[in-house]
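Take a look at the structures listed below.
Two complexes are shown next, each including subunit A; its partner changes from subunit B in the first to subunit C in the second.
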Partner chain A sequence: MSVSNRRERGGVPSLSLREPFEQPSSIGAWLHSRRAAWAFMSPAVLLITLFFFIPVIVLLVLSLSDLKSANFGTFQWWLPTNWSLDNYSKIIGDRFISKFLGNTLFYVLTTLAIFNFGSALLIALITTHINRRAGFFFRLLWLLPRLTPSVVYILMWRRIAARAPHGILNQFLTLAGLGGGDNLLQTMPWVFVIIVNGLIGASFGLVIFTSAIEAIPRDYLTASKVDGASTLQTIRHVIVPMIRWPILFVLTFQTLSLLTSFEQILLLTGGGPGLFRTEVWALRAYHLALSTESGNTQWGYGAAWAVILVIIGVAAATIYMRVFKFDELVEEPKIDLI
Partner chain B sequence: MTVRQRLWRGVPYLILVLSVLPIIVGYFWLVLSSFMTRTEGLLPVGNLTLKHWSFLLEPPFGRGYPSIWRVTLNTFLIAAFMTIVVVLVSALTGYALSRLNFPGRKGFLSLTLILHAFPSVTLLIGTFFVLRALNLYNTSLGVGLVMVGFEMPFGIWLMKGFFDGVSWDMERAALIDGASRLQVWWQVILPTIKPGIAALAIFAFISGWNAWLIPKTFTIGAGQQATLSVYLQNFQGETVAVDWGSVTAVGLFQLIPVAIFFIFTQDLLLNIYSGGAKGGA
Partner chain C sequence: MKVELENLTKRWGKFVGADGINLAIGDGEFVAFLGPSGCGKTTTLLMVAGIYKPSEGTIRFDGKVVNTVSPKDRNIGMVFQSYALYPHMTVYQNISYPLKLRKMPKRERRERAQDVADMMGIGDLMDRKPAMLSGGQQQRVALGRSLVKEPQLLLFDEPLSNLDARLRLSMRGEIKRLQMELGITSIYVTHDQVEAMTMADRIAVMKDGKLEAYAKPDELYDRPRTLFVAGFVGNPPMNFLKVEVTREDGEYRARAEGIDLLVPAERGEKAVIKGEVIMGIRPEDVSIADGGTQGEIYVVEPLGRDDLVDVRIGDIEIHVLANPTLGTKMGERTSLKFDTKEVQFFDPETEQSLIWN
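Moving on to the complex of A and B:
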């Protein structure tokens, strides 16, 4: 079957393995086509092996061992005889386990509800209902927190929250006669952790919701208006039902992303103030295994904390792939056999 | 239109303005603080001054710190390395996944999609040991490679999408004329997806330039291999009384390339970050 044949059939040049096609005539040609594929694929295969597969295996093995700075260099953590599930029972018995779990759930759910989903949808709805240029301009400003280097972004927030007379917020609070001028990161750390992360995270949903809303045929909105629906009714009964897939996508994607994110918390509060006030699960793993400040690094124990997130991550990512029909994206290539 | 209606029309704008207020205030303070002797809240204290920008001429935070130019060069090299490798490898792989049929193709594509959704930041502990084994711990090359690896699934996915959108007529003609796959890829297809390459390149460059967590985790302190983010952060922690003026000046300095992209590639940015963003909550 020739390439031109395929074109005649549909107009759209889509070829799939399911169609019958001629096998390449010689073994030499077959090898040749495979060689081309591997030439193209090998750099990515190497990188993914080095930075995904091997780290996952190392992490799993580490989590079974008791490698820490005290026995680093002498302890043979890779030998199965040194493996046990002690780290996992240690997590369950951790004095602060409920604190870390509670913090993580609170952080993920609140940030997701208010910002990554709530604000994203609200701002997407507003910016698609006002003047186009103004809408574009405000969406662009919403990208700024994500585009700003995290160190610089957190620097701004530290200053906003700083104690009087340096703090920006305290300056206004003092003028209004409110508040004692304390560092707000000490008095209300969660408020800042949530806002700081939320303003970054919301831009993801904002961009996706915006394109989904703009893709709704104008006729639907006009029809709804002609029928006398108010703006709020149109949003509730026409727009939201039509973008339910993007909504589900953003909700699931951002849940996973929040669950494993800790860079901004590490920079802003370092998990404090006090003992673990804003320490979330992912930050706990990082502190145990990779933070050099404590001097007592526990790679094995920290790895066990991380493994739990990895398991959730793999499970969630696999489920999205099925739910969002990623399989359909995995269609056969257009041409191969020439 | 009544006054009441006019007020109602203003409400959406009021919400929008309030919502972007923190970041605007933050930027305003950053600029103000770097050019004033001192600031209290949003009020300048003292005079206009350029002394906070003296770091351009001499190491800002005292002896023992590398010069800003050394650090800027490190950051630029890491970001440029990341841009080139991510674009090149993603374009190779994306092409193969889009155009070639080979055993394992379907599996690899599903794997890419799963890894794209998977939070790579959870693998930092394992990566630490990989870098040590490769003797790349505390090197810029190691930092660059880790960031390339973590960015790969997104890059491949994006590039495959662009290749899928290219008509294959030209390619077929070139192949029939006896061109090799590699020649077709380089001479025929890549030129047609320049916008896609630009988008991925900008995304990779900005994430490399801004990165803090990975350079901080895989290098030691603010030494000769520090990047701007690590340098700036180190600076805030170490001194007892933070020299806010110099810190903000260095921060603004780091923002220069990002600001250029922000001003000149607005449409592209809004498009990339719909597909690309997954980190940072």
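Moving on to the complex of A and C:
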């Protein structure tokens, strides 16, 4: 429909990156319009090149080499003759690969569903439907974990989960006659990993969803109620569809950030207890490539782990865009550049 | 359905949005809420819709108090200035949304929506999204959506304000005709007095949250009870001037500097008690003719059929509707004839009419 509309306007090339040139009136105008488009896009293109594409390429090259602290300085990792897919076959052959993959999926999906997306949307909906001031303070409460420095925050949680009689939770549990008083990070590490990350992560979606919901013109909500909708029906049929874009954004952004985040897990459980109980993919890459605990940091091998993570991330983002029909979300350009 | 508002009040903290509104709307009646921006029209309407909870007072539908009935159970249709069409739904989905919420079977929904859309002349636009419609088409969809569930009360909040003048005129007629044919009780909020005058059975004039007047259009026009109503109703607005009314030899005269007019006895005698009063006279009751009050033409505004001429008599400013063929020119001297049959008098302190109260 939109295409035919634009055709009717008669050959004026518009600045749309999807179909930038229907029926150009002349080659000159066509070139001109493209040039203008690139001029506007160039800062973004430059930034993405500098901070995404170049690092990814370096990472890719690194992942093909066997650079490690043992051969650092002598090994010429940038020479194609030193490249091979050995790192990748090593990963595929890793005894624990399904463990890492499963951990990662479980960690990302659960945290996302319960906190970074689920709680964020739920709390945004609740706090925009109650008294404004109460809503504001309630949201502020959820921002506190994000505002607390990681180390302080994690220390606090370690204290909460600690063994009886020091652990805060265990004090209550022993009073109630529950549990054996063991360190809860040992007995239920995932619960803590997910809560600790989720409480930080939820605030992001919360802020975005809240502002998106508040930006919906009042008339739509009034209309829906008058049309006969309950509050829940209004949320389902009007509010959620109108914030589809922020929802896609938060889902994508949070999936990627959860996929690549490991610092809270590192500080909280270090990937344990036991062998890799909470070791996620990103933490594995860190342990191999950057941690000196083992005495030998394998940059090349770690980089290969990271490359796979990038691929998983891009795949996830693509799936989201498909599911949300990203094409339809992108508006027609508001201005036609002539 | 009959609608009664009793002492209806809405406060936000200390601020009063609507202040003790009392009015009754008969079954099938078309009532306009008229008043300047910020006078509480929308506030009152939203209380009737159930969106705002009244701070005080009661709302009755057919005698039943509905204060605590939620909007979805009031069976009303509403049309907004912004149209408020759900942008992610097609025209069909927009129109059938109220039916879907009532769990009406899909086939029946389709039929009803199509009927309403055909009635509104948008039957062939069913698959479009609102963004692909013109303003007029969008407003028709909005009307269709408000009508589809056969509401007992229709609420309009300045539905035509975003349309161009021509379209507004034709939509005005269409809404009026629809309302009469369907016989649905309607409240129509507007700040356009022409709209209110031409469409409504009765007009509720509001000012600062209060109901100033509630009467039939011609009554508001001919017998305004307050200075505000007199000035707000009628286009171009009524002329006001401070005069002294006296009785001489059985005749009543209204005098100001440079002006001396004979006024009808039955109106003059109500004003003479006060002496100093505000006199109101409509532009159409003043004409440019020889042998009258002398003045100077200050501005001429051509309106097409008439010229609106601003004549100064000393410090007094009088607007006159004049025939363009007279060829009035700015700066020229002229002479005015006043037809005082319909003259109004107001108390300068209370601003109440001295004739109709």
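Here is the rule we use: the second predicted complex is superposed on the first by the 247 of 338 C-alpha atoms of A that agree within 3 Å, B and C clash if a C-alpha of one lies under 4 Å from a C-alpha of the other, contacts with A are read in each partner's own complex, and residues count from 1 in each chain.
Convention: a contact is a pair of C-beta atoms (placed from the backbone, for glycine too) under 8 Å apart; a residue touches a chain by one contact, two chains touch by 3 or more.
Not measured: the values here are computed from a predicted model.
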- Touched partner set for A:171, first subunit B, second subunit C, both or neither: first
- Query: Which holds for A:153: it touches subunit B only (first), subunit C only (second), both, or neither?
  - Reply: first
- Which superposed partner A:242 touches (first subunit B, second subunit C, both, neither): second
- Query: Does the superposition put A:141 against subunit B (first), subunit C (second), both, or neither?
  - Reply: first
- Task: Pick one for A:76: touches subunit B only (first), subunit C only (second), both, or neither.
- Result: neither
- Message: I'd like to know which partner A:89 touches here: subunit B for first, subunit C for second, both or neither.
- Response: neither
- For A:220, decide between first (touching subunit B), second (touching subunit C), both and neither. second
- If touched residues of subunit A are counted for subunit B and for subunit C, the larger one: B
- Message: Shared contact residues on subunit A, subunit B side and subunit C side combined as an intersection?
- Response: none
- Message: For a test of understanding, state which residues of subunit A touch subunit B in their complex under the given definition.
- Response: 3, 13, 17, 33-34, 36-41, 43-45, 47-48, 50-52, 54-59, 62, 111, 116, 119, 122-123, 126-127, 129-130, 134, 136, 138-153, 155-160, 165-168, 170-172, 195, 197-201, 203-204, 207-208, 211, 253-254, 256-264, 266-267, 282, 285-286, 289-290, 292, 299, 302-303, 306, 309-310, 313-314, 316-318, 320-321, 326-327, 329-330, 332-338
- Interfacial residue positions of subunit C with respect to subunit A in the complex: 46, 49-51, 70-72, 74, 76-78, 80, 82, 84, 86-88, 97-98, 101-102, 128, 132, 145, 149, 155
- Residue positions on subunit B within touch of subunit A in the complex are 12-13, 15-16, 19-20, 22-27, 29-30, 33, 39-43, 88-90, 92-93, 95-103, 105-106, 108-111, 113-130, 134, 145-146, 148-150, 152-153, 156, 164, 167-168, 171-172, 175-176, 180-182, 185, 206, 209-210, 212-213, 217, 220, 228-229, 232-233, 236, 244, 247-248, 251, 254-255, 258, 261-262, 266, 269-270, 273-274, 277-281
- For the complex, which residues does subunit A have touching subunit C? 1-2, 5, 217, 219-220, 222-230, 233, 237-238, 241-242, 244
